[in-house]
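The structure follows.
Chain IDs A, B and C follow the sequence of writing; residue 1 opens each chain.
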Amino acid sequence: MSPKNRITPYAFIAPYLIAFGCLWLIPIIYSFSMSFFNTRARPWKFDMLHNWGRLFEDALFLATLKNTFLIILVQVPFMLALAVIFAVFLNSKLLFLKGIYRFAIFAPIVVADAAYAVIFRLLFNDDFGFVNQLLNAVGIADIAWTGSSAGAIALISISLTWRWTGYNAVIILAGLQSIPKDIYEASELDGASRFTQFLYITLPNLKPVILLCLVLSTFGTLQLFTEPTLLTEGGPGVSTTTVAMYMYQQGFKSFNFGYGSAIAYFIVFIGLGLSLIQFKLLGSKSDA
Amino acid sequence: MRSATKRLFPKADRWAKISLNFFMLIVAIVWLTPLWMMTIYASHDDQMIFSGSIIAHHGGQFLENFAELQSKQDFVRAIINSVIVASAGTFFGLVVSSLAGYALARFKFAGAKAIFAMIIFILAVPGIAIVIPEYVILVRYMGLSNTYFGVVLPYLANALGVFFMRQTFLALPQEIMEAAYLDGASELRIFAKIALPLVRPAMASLAIILFIACWNDYLWPLLVLTTEARQTAPIALGRLVGLNTVAWGPMMVGVTLMTIPFVTLFLLLQRQIVSGIANGAIK
Amino acid sequence: MANVDIKELRKNYGALDVIKGINLSIREKEFTCFLGPSGCGKSTLLRMIAGLEDIDEGTLAIGNKVMNDVPAAKRNISMVFQSYALYPHMTVRQNMEFGLKLLKLPKEEIELRISETAQILQLTPYLDRLPKQLSGGQRQRVAIGRAIVKRPQVFLLDEPLSNLDAALRVSMRVELARLHEELDATMIYVTHDQIEAMTLADRVVVMRDGQIEQVGTPLELLHSPKNLFVAQFIGSPKINSFDVEVVGNHGTQVTVTGQAFSKPLTVEMANAANLSSGTRLTLCLRPHRLRNDTNLEHQITGTVQLIERLGSESLIHLDIGLPDPVISSSEGTAPVRRGDQISLRFSAQNCLLFDTQGAALPRKLPADAQALMGTDAQHVA
């Protein structure tokens, strides 16, 4: 670097730092402190446990938490398994017409959440949706996609899987392509079958990347908002209301900023906690 | 090598090939169905959609549906708003990110490490944590309610963008910039004339990713943009859903209008988009 | 052209001292090489001269003007980087123009300088090509060209040839020597290739661990190394070293014995030495001084462990019962085979002696070296 040039670096980074300070740093501190205030009182009143205490007694909040976790525990692993399979297949020498498959699987990346939520709402309409019609055609009775909690959770999960599997497959594919080819060639000479190679070479080498996808997906699901809002409107009942939707309701429908902030921070801490557990469980020291 | 493999698994290879291609064909069909059906629904009237039979062909109602959509809600305007917001967010986001990423990659300065650590931390903090105070600050205190400016501002402080650009600039040989410095170029000139031209492909990737993210954003514009004249396409769509009075056909026209340009763009720029996502995540 | 004066120069990265007090005067128009093992601080020192690294302590003067706080662009230097550092998106012409335009030179002047430089470096046909459309050697010439067009007082080159293949390196080495003649410029050249240093340099600066071990002409370094490090670092194959013990000292004559030698040998020193019997020393002998020549007085006997036939010479590794084999550089057709028991001979006047701290005991130069270096050379070491 050029010496005697003490100010230049700061000039370059200043726009970001200013934006960062105003739009992240202050809000982060502000919202954290807000969570310790009773924001329903006029003026706001400091009350350490007003919001945080309420979190654990609020049956509605706990219900939304449960819904969110259900998706994290069921949909995320399924989606990542699928993403690994897609990535491995897309990377395989045996697949023809890769361009088409790549396009089909990756295209949802560019589709807006709101747009695809509306498409799926129509496709999965209980009465006249394309999916139920298809099921009827093969002799299966209508499924209550929006009318039952199980159906609604399934609907959200299917939609998320359609939208995000490709995104994760992109990351995993990049991870795959960074595995040195000669490892495979060496193991081929040792007589390893494709499946053995997958188990003992591909998966271990992909671990950091899969972990990264897991963490990203967990954070993403914790913030899930658009899809349930537009697909099921959180229903039936509150069976697909997520924590993020509940935060929105508390913050901007009931204008209880303090409680909303407590919920938001709860999401942050849970996210950090979960990713920590995931790092531990998968035992990766990688820096991915 | 290749022939050795063939000898090892001749049969397995053929079956693996067939089943793998078949599996992916099914996947591709399933994956493309929603987008295909979107265009089909957009071209039928509600009578047809409610008919209860499988519709597998395009109808002739697209323009009628579009007219009805426009009469309920100026969707073209909403798309224009989206373009404005996403373009501004992308442009300024790129400027801020590339300047900051360049500083972090090229200079050693007091605080650089702390700033970088902070960026990594921020990458882990979900945006949702700050929506409320951001709203309070920008809308309540700064009075930016229902302004494009208010929507775009948070896109400027993009930790992922800074991280991405830092990695990109780090991959450039430092000596090229040093040579320019020895040639007497100012730091701003080195940045603009030497460094930037060399990272153009990476910047294109980041631009596309930022554009999609801005275009996609739902919660934040929902909070800031309160009138129909200003709202972005996703918000307009959400509002239509909420109204419960708009027919499906017109709604699907809206969805199609805001989706097809991106899918086309993706078809053209797949490489940049994919490498942008992979690099942002893995590097 | 200008001289470069360095006084007590220091630099550290945090707790790590990289340059530990360097004093060096480089004369006008001199070709100086910084030579030393990897990580010894050669590049850092060069970059401090260039103005790419801060100077923590000491002074740097170019053309008798202190440059510590002068920005790099105003030091009137040019630098050629190991990786060439060409601007990849600019043509050869634009690469050379960039700095000149920033100097606000008139257009005609720029044109003139570029065409002149292109002529010297045979780059004229390539002026409108991008770097990626050039071969490695051509890129290297563009990098040099970019340095030349600025007509600097001092050229700084950091391992400019290390990215080239062996053949190209040899031809570029010749070209660099020619350029130095032609430009009549002060050049500072970093390398860890001692052949480059020995063939190109007027003077070589041998560095180790952030310090200068010795400054001298290539021949001085070979024949009068100041210490054991320089003796062992310079010369290929590496010099042979033996532990010896003083058994007698009469004025300038020092007699030593060692396990490797069949009888005591007496070395002629430059000045009267004062060594008591029993003093431990290290004796060094260059491989090419160890030959199958019965006229020579002393001999070393052992078993041939390995023969490297390099064409014009053969390297014979001789196991003499010590941990390290003794290496002799003999003629290419030396009629020996592995396992042979042979004796090789040498003359005591070609031996170098070092004390236990590694400092050289100045010897009387052998006649051939003295003839090469001039009569006063013996006082140097």
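Keep in mind that, in the parts below, contacts are C-beta pairs under 8 Å (C-beta built on N, C-alpha and C of every residue); 3 or more make two chains touch, one makes a residue touch a chain.
Every value quoted in this text rests on a predicted model; they were computed, and no experiment measured them.
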- Message: What's the farthest chain from subunit A if centres are computed as the mean of the Cα atoms?
- Response: C
- Name the most central chain, where centre means the mean of Cα atoms. B
- What whole-Å value do you get for the distance between subunit B and subunit C if each is reduced to the mean of its CA atoms? 57
- Interchain centroid distance [CA atoms averaged], subunit A/subunit C, Å: 60
- Between subunit A and subunit B, what is the separation of their C-alpha centroids in Å? 16
- Task: Name the residues of subunit A that each touch 2 or more other chains.
- Result: 1-2
- Message: Quick check on subunit B: which residues sit in contact with 2+ other chains?
- Response: 178, 181
- Query: By residue number and range, which residues of subunit C touch two or more other chains?
  - Reply: 51-52, 72
- In the complex, subunit B residues that touch subunit C: 173, 175-176, 178-185, 189, 194, 197-198
- Task: Flag every residue of subunit C that touches subunit B in the complex, lowest number first.
- Result: 50-52, 72-74, 77-79, 81-83, 85-89, 98-99, 102-103, 146, 150
- Hey, which residues of subunit A end up touching subunit B in the complex? 1-2, 5-6, 8-10, 12-13, 15-17, 19-20, 22-24, 26-28, 30-31, 34, 86, 89-90, 92, 94-96, 100-116, 118-123, 127-128, 130, 133-134, 137, 162, 166-167, 170-171, 173-175, 178, 185, 188-189, 191, 193-194, 209, 212-213, 216, 219, 222-223, 225-226, 229-230, 244, 247-248, 251-252, 257, 260-261, 264-265, 267-268, 271-272, 275, 288
- Tell me, which parts of subunit B touch subunit A in their complex? 1, 4-5, 8-9, 12-13, 16-17, 20-21, 23-24, 27-29, 31-35, 37-38, 41, 49-55, 95-97, 99-100, 102-104, 106-109, 112, 115, 118, 122, 124-137, 153-154, 156-157, 159, 162, 174, 178, 181, 187, 191, 212, 215-216, 218-219, 223, 233-235, 237-238, 241, 248, 251-252, 255, 258-259, 262-263, 265-267, 270, 273-275, 277-279, 281-282
